[in-house]
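Residue numbering begins at 1 within each chain, and the chains themselves are lettered A, B, C, D and E in the order written.
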Amino acid sequence: MKKAIKKRKKRDRKRIGEVPGSIIYVGAEKERPTALTYIHYSASTFSERAVDNWEDVKIVSDETCWIHLDGIHEVQKIKALESKFGIHSLALEDSVNTLQRPKLEEYSGVLHVVLKYWHPPVGGQDEFSLEQVSFFLGKGFVVSLQENNDPLFLPITERLRNGRGIIRSTGADYLLYSLVDVVVDSYFSVVDYFNEEIEEIETRLQDDFSSALLRDMYLLKRNLLYYKKSITPVREVITGLQRSQGGFIEERTRVYLRDVYDHLLEVLDSLDTNREIISLMIDYYLSLVSSKTNEVAKVLTAMTALFAPPTLIAGIYGMNFHHMPELAIPGAYWTVLVIMLFVMIGVWLFIRRRRWL
Amino acid sequence: MKKAIKKRKKRDRKRIGEVPGSIIYVGAEKERPTALTYIHYSASTFSERAVDNWEDVKIVSDETCWIHLDGIHEVQKIKALESKFGIHSLALEDSVNTLQRPKLEEYSGVLHVVLKYWHPPVGGQDEFSLEQVSFFLGKGFVVSLQENNDPLFLPITERLRNGRGIIRSTGADYLLYSLVDVVVDSYFSVVDYFNEEIEEIETRLQDDFSSALLRDMYLLKRNLLYYKKSITPVREVITGLQRSQGGFIEERTRVYLRDVYDHLLEVLDSLDTNREIISLMIDYYLSLVSSKTNEVAKVLTAMTALFAPPTLIAGIYGMNFHHMPELAIPGAYWTVLVIMLFVMIGVWLFIRRRRWL
Amino acid sequence: MKKAIKKRKKRDRKRIGEVPGSIIYVGAEKERPTALTYIHYSASTFSERAVDNWEDVKIVSDETCWIHLDGIHEVQKIKALESKFGIHSLALEDSVNTLQRPKLEEYSGVLHVVLKYWHPPVGGQDEFSLEQVSFFLGKGFVVSLQENNDPLFLPITERLRNGRGIIRSTGADYLLYSLVDVVVDSYFSVVDYFNEEIEEIETRLQDDFSSALLRDMYLLKRNLLYYKKSITPVREVITGLQRSQGGFIEERTRVYLRDVYDHLLEVLDSLDTNREIISLMIDYYLSLVSSKTNEVAKVLTAMTALFAPPTLIAGIYGMNFHHMPELAIPGAYWTVLVIMLFVMIGVWLFIRRRRWL
Amino acid sequence: MKKAIKKRKKRDRKRIGEVPGSIIYVGAEKERPTALTYIHYSASTFSERAVDNWEDVKIVSDETCWIHLDGIHEVQKIKALESKFGIHSLALEDSVNTLQRPKLEEYSGVLHVVLKYWHPPVGGQDEFSLEQVSFFLGKGFVVSLQENNDPLFLPITERLRNGRGIIRSTGADYLLYSLVDVVVDSYFSVVDYFNEEIEEIETRLQDDFSSALLRDMYLLKRNLLYYKKSITPVREVITGLQRSQGGFIEERTRVYLRDVYDHLLEVLDSLDTNREIISLMIDYYLSLVSSKTNEVAKVLTAMTALFAPPTLIAGIYGMNFHHMPELAIPGAYWTVLVIMLFVMIGVWLFIRRRRWL
Amino acid sequence: MKKAIKKRKKRDRKRIGEVPGSIIYVGAEKERPTALTYIHYSASTFSERAVDNWEDVKIVSDETCWIHLDGIHEVQKIKALESKFGIHSLALEDSVNTLQRPKLEEYSGVLHVVLKYWHPPVGGQDEFSLEQVSFFLGKGFVVSLQENNDPLFLPITERLRNGRGIIRSTGADYLLYSLVDVVVDSYFSVVDYFNEEIEEIETRLQDDFSSALLRDMYLLKRNLLYYKKSITPVREVITGLQRSQGGFIEERTRVYLRDVYDHLLEVLDSLDTNREIISLMIDYYLSLVSSKTNEVAKVLTAMTALFAPPTLIAGIYGMNFHHMPELAIPGAYWTVLVIMLFVMIGVWLFIRRRRWL
């Protein structure tokens, strides 16, 4: 089986005894700098700009402001969020720690959402990679932090630019909803992947009984287990968003969050069904193997039962005793051959009655 | 194993980044137009008419109005519901998306119910197909949308025409109940189907141990799994209807909904029992196979133990050494035969004591 | 496996599209008429009478009235309950439908209880049959409907006649309790039956490894599954009775209902324990089989390993080559025999070290 | 498997139709009379006395009174409790019925506790026996009923005599706590027993693969199941005591009850862990067996593959055809021997590559 | 399997009948004396001192006081806590009893926390050892008791000395949080250990099918079970701390406790995933074994089927009958050899069609 749980290790060593709230990046080192995109818009205005440092960013009243950070390895850039937007250092610590479980937390005046998504396999790889994304929703602004530079949120930027839908005429909560919606919708590609894999295995199961098939089924089951585990806590996050008090989410947006929740349930349902199907297929494979072993054992028993008696008879008349009266009897040879035949026919009938051949 | 999960795939590609509330039909393309039936009635009046466009439809006060759409692929016809009845676009999106889970949602002033039912197998097929139906209950009206043109709701139309029962003298909520009742009652035919299949397998289990039986048992189990999964969320829908606030459901109708709930529990109970029975039958089959392998292995061991020793003896006296004194002894041949016989009898008794034959 | 789930089928066909509240008997046709017993009593009075039609029945104030219907196939007699006692038609529909799950429901002013009990096997049968009984508790009266004519409630009638216990000096709620108590106590005979069966199988498990034992264990497990399923919903019924509001149950009677609940828990506990025990016994049987297959395979391997080498040696010296110098050596025969013996002893020691024999 | 569920049976026959509240002893008949011990004490006073009849017993105000009944088979002595202490007849029925589940119930003014404890195996037996003990807590008194004459409560009597701890200066609720504490502490000896058994089996698992070990593991698992089941309801009893309203339990005593609850959780946790460990050990045993069967099958296959080809060759040259030119070739014999050897070496190498030997 | 559950036993014997609240140390006897460290600090002051007896310890108002006891075997030193800080004797009993489950309890004015942590394996051992640590949080002070002298809390002492972070400017509740945080963070090393073990087994699973691998997988599963069980109750402890009323925990500290809770969930999630992965690997191993047995059985059957028929033919022509006409036919020998070859080829083709070789 392949390795899929290595990531966890390095982290822990760093932690014991550390001052809580220390912002430490634990992912792979990355060379590109952390890119900052600063967007602010209202129903009638829209401005988008790549900025270099935080001084250029300010929250404009009457407008919704979206700051997107692409890359979370430049820790000092993230630390600035504490003073700029009053975000609690524990929340920043969790955003930067790429081993964080999905969660929703409220720190004074800011809602903090951590989500995971599955980056589709690129190049020769055949596994999805797990990436982290986190959001801060405050009064009039959303800050989003993304581990790698997937163009995941491009459709949202496009909608903002074109002013399609109601996104420009609604507030920061609808923007947060749109971002979360994109993340949850990306889970459907994982479901697609598993549906295809299962179909392929169903096809192979028709006539392939190699242990390679067995291995692939177990790998698929293990992957399903990992994927399910990483997505499951998202349910609580979205339920939390729906029920959140404190004026973060407007009534109008809750209807949309209910919709996201619905999609998530669909994803989890599908993964669940897939897990049960793959278990069923493994069971079926093993049942077939055990049923085939039984069949083979029956053939073996039949062969042995069929050939052992005449071979003994032949052995007896192959002995070299001087006085073996039968040997001289004319026709004895044919008689013995006929006896052998009868013995074999008798055993054969017995075998047929016992349904071994 | 057959393929039963293909449908899901096409859908997802369309979604990521789409504006929420886009009404996109994802089922198979259908040629027939979407048929609109417009019924309105009171205790004393009844009118039924096929209409072509929405202008002909209007809600009559003091009457209950039922608009039935047969076919949901003509998206523009469904869009009209938004302006006509004030139905939220997200709800319409879900009604048209045939991959939706069963659910109950309330949008301002309109109750939205999505259900699934199983279309009995037609022609040479041997699987039920899953069809979607959805209802909108508003003040004085019910709108129903049906994916394919099954005459599922014909009994209701009949009752309305004849004025049988209390259906004409009650409101739109009772109509909704009646429609939901028909859908839930249709689940009993799935239960029937499984009961028959299980009985057939029980009969075959008496003397058939082919791997075809094994395959059929696993297929049945898988189908049970799918059917159960698709029906289970209906329970929440009906509980939700029973408890719904906001004046949608009158007190009198709740008693009837309790009855529907009861029927649904019966269906789920039966499917559950069937699932446990089929699992038990698979276990029984496998136990039998393993028990038979053991029996066959015992016969094989007995055969080998019985024939190996005399065959060795025969081989020994078949050797061609010049000086083998026994060969010349008169009666040696008979003695050896008797020894062989004794060896075989001894082994036989040993085998009987070990209960191998 | 025997058939135990046939009953369900006929019913469903009748239902789809039926007007709700239609009273349709779905059990086996019965020849005897529905018998009506009319009892009314107070602390000092008691009257019992078989009546033919409903006119003879009336509720006497200051007395408790018990109407018992033996047989539910004469639908028109049951319909009369609607007008006579104001019982909702849906409740009557459920009472007559012998496929109903146990349940407790309140319809305006009347409490409706549906229970199941197991009729002990009669004659040559070896399965309990499932019978339905239902009660209506109203102000001052209890109506009981029983599917077949078991003398199940005879002890209650006896107690009423003799005035034993507190039954005559309490109201209709205590009568309902007494009837429910009798039904729940009858479940103990099912528990007895399973205890006996399990003990029998425990005894057979000592030395019987036939597949008949396997079959009996699976049948027992399946039956336990059915019995448990049919009784489980009764728990909710009794909890519901204990907590029922609306003045149906007096405070004094609740103590007794708690006692019934206790008995039911005991029955369910026992069935649960039995289910786990039978599963354990099946597991034990299968473990034994697999352990025995291993033992037999070891003997087989030992036999083959022991006899194959000397048989080859004998075969070699049985060849007819003209120039086989060993054949002429005096004592060669004995040497070869000794070598054979040594080979066999060597193999034997090897086998002993590997613990195969 | 041994019998451990017989007790239940006799009881049920007696019950159906019985007047509720009938006090019937269902345990084994016992010869010794029911012994009554009457203790009353306060911080400064203590009196203990064996009494013969109830007239000698009276509740002294300002003192706590403890009446202990050793033996519950003399039903008339127990009946007296109804009039003397106002205890409900249903409660007395449950105390005397030794098949009662552990439970806590409140009857007007009296708290009724039924517990089970495991009598350690005596003499040659190797199973714990299940004994019942029940308590009544009223204003200023505790009545305890014990099935057999174990000196279970001796430490409590000792503490009362010596005035050790706070027991004499607290009320009847602390006495009840002390008695319950003793019962729960006695469960630790069952845990000890299982810990020892599991350790023994762990040791045997090193080199014993007999079916006796298998049998012992299953027996242990079954016993764990029974013991766990009989103790589990005690948790509810103690939670109930902790939360009981109505002035039975003083605030100070609740801290102590929390402690008992803690001990019980520890016992249940241990039994649970033991159950999982024994299941794991059975799985391990079966895995080993199946792994060994595979090993043996590989050796068998190797033996057959190794010896079948040379045996056939020897057979061929043992044929008696007149014209077999090879037979006359000088050195043919040696050539054939070498060929045989090469065949065996070839097969051997093939086997090694397939890892069968 | 190794022994890991011995510890429990000794304890129980001591308990039955003991006065509740007796402080009895049940761990291994230790030689070193119990060391007392007395720390008190405020934002601006810090004092740390090893003290010998309790007289030197006093709570300073306006400062937070931390008393750390290293070693809990000197019972009299612990008893002093009762009078000094008003800690309930039952709480002290639990702190000293090293077999206690993790728990949180409130005794008048003092919060009592018992936790477990895993001491990393030292020297040649390969198992973590389970150590107990308990805390008392009162007004202005924390008392911590530690079973062995691990430098577990050194980082906290360091932070206090240096005044890093906010620890000196916050109260006793933040100190408690810091101590609990250190304990929970130490669980990550257990997770690391299991991750490494699982990776090693994954590597071995590629080509090792010895029963040693099987044994190691079962041992790992058992250890996971123990570790999970010992940590699980900690969740309730931390939830309890978060929700605790009575002014023990300030609002500001709750955010940090939420963070600890989050870490704990991560640990439990990882252990859970590991448990499922190891189960999956065991299943995979067993499936492979059963699949290999089937393969070997097929080869065995093929060998037997291939060689039995020609061996019989050779045996027949090795018989010594005087009248065997075929023997004299010229070319008969070659004919028979060809027949043998054809039989073997026929069987071979049959075998290939059945996919046995």
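Here is the rule we go by: a residue touches a chain if its C-beta (ideal position, glycine included) is under 8 Å from a C-beta of that chain, and two chains touch if they have at least 3 such contacts.
Worth saying up front: this structure is predicted, and the values here are computed from it rather than measured.
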- Please identify each chain that touches chain A as well as chain E. none
- Message: In terms of touching chains, how many steps apart are chain C and chain E, taking the shortest path?
- Response: 2
- Task: Could you grab the centroid distance between chain A and chain D? Build each centroid from C-alpha atoms only and quote it in angstrom.
- Result: 42
- Taking each chain's centre as the mean of its CA atoms, how far is chain C from chain D in angstrom? 26
- Please set out, as single numbers or ranges, the residues of chain A touching at least two other chains. 290, 292-293, 297, 300, 304, 311, 315, 318-320, 324
- Drawing the touching chains as a network, do you get a line, a ring, a star, a complete graph or other? ring
- Going round from chain B via chain C, the chains run B, C, D, E, A
- Message: Could you list, by residue number, the parts of chain A that touch chain B in their complex?
- Response: 154-156, 158-159, 164-165, 178, 181-182, 185-186, 188-189, 191-192, 195-196, 198-199, 202, 205, 255-256, 258-259, 262, 265-266, 269-270, 273, 276-277, 280-281, 283-284, 287-288, 290-294, 297-298, 300-301, 304-305, 308-309, 311-312, 315-316, 318-324, 356
- Item | Residues of chain D touching chain C in the complex | 1-3, 5-6, 8-9, 11-12, 15-21, 88, 90, 94, 99, 101, 103, 105, 107, 209, 211, 214-215, 218, 221-222, 225-226, 229, 282, 285-286, 289-290, 292-293, 296-297, 299-300, 303-304, 306-307, 310-311, 314-315, 317-320, 324, 326-328, 330-333, 336-337, 340
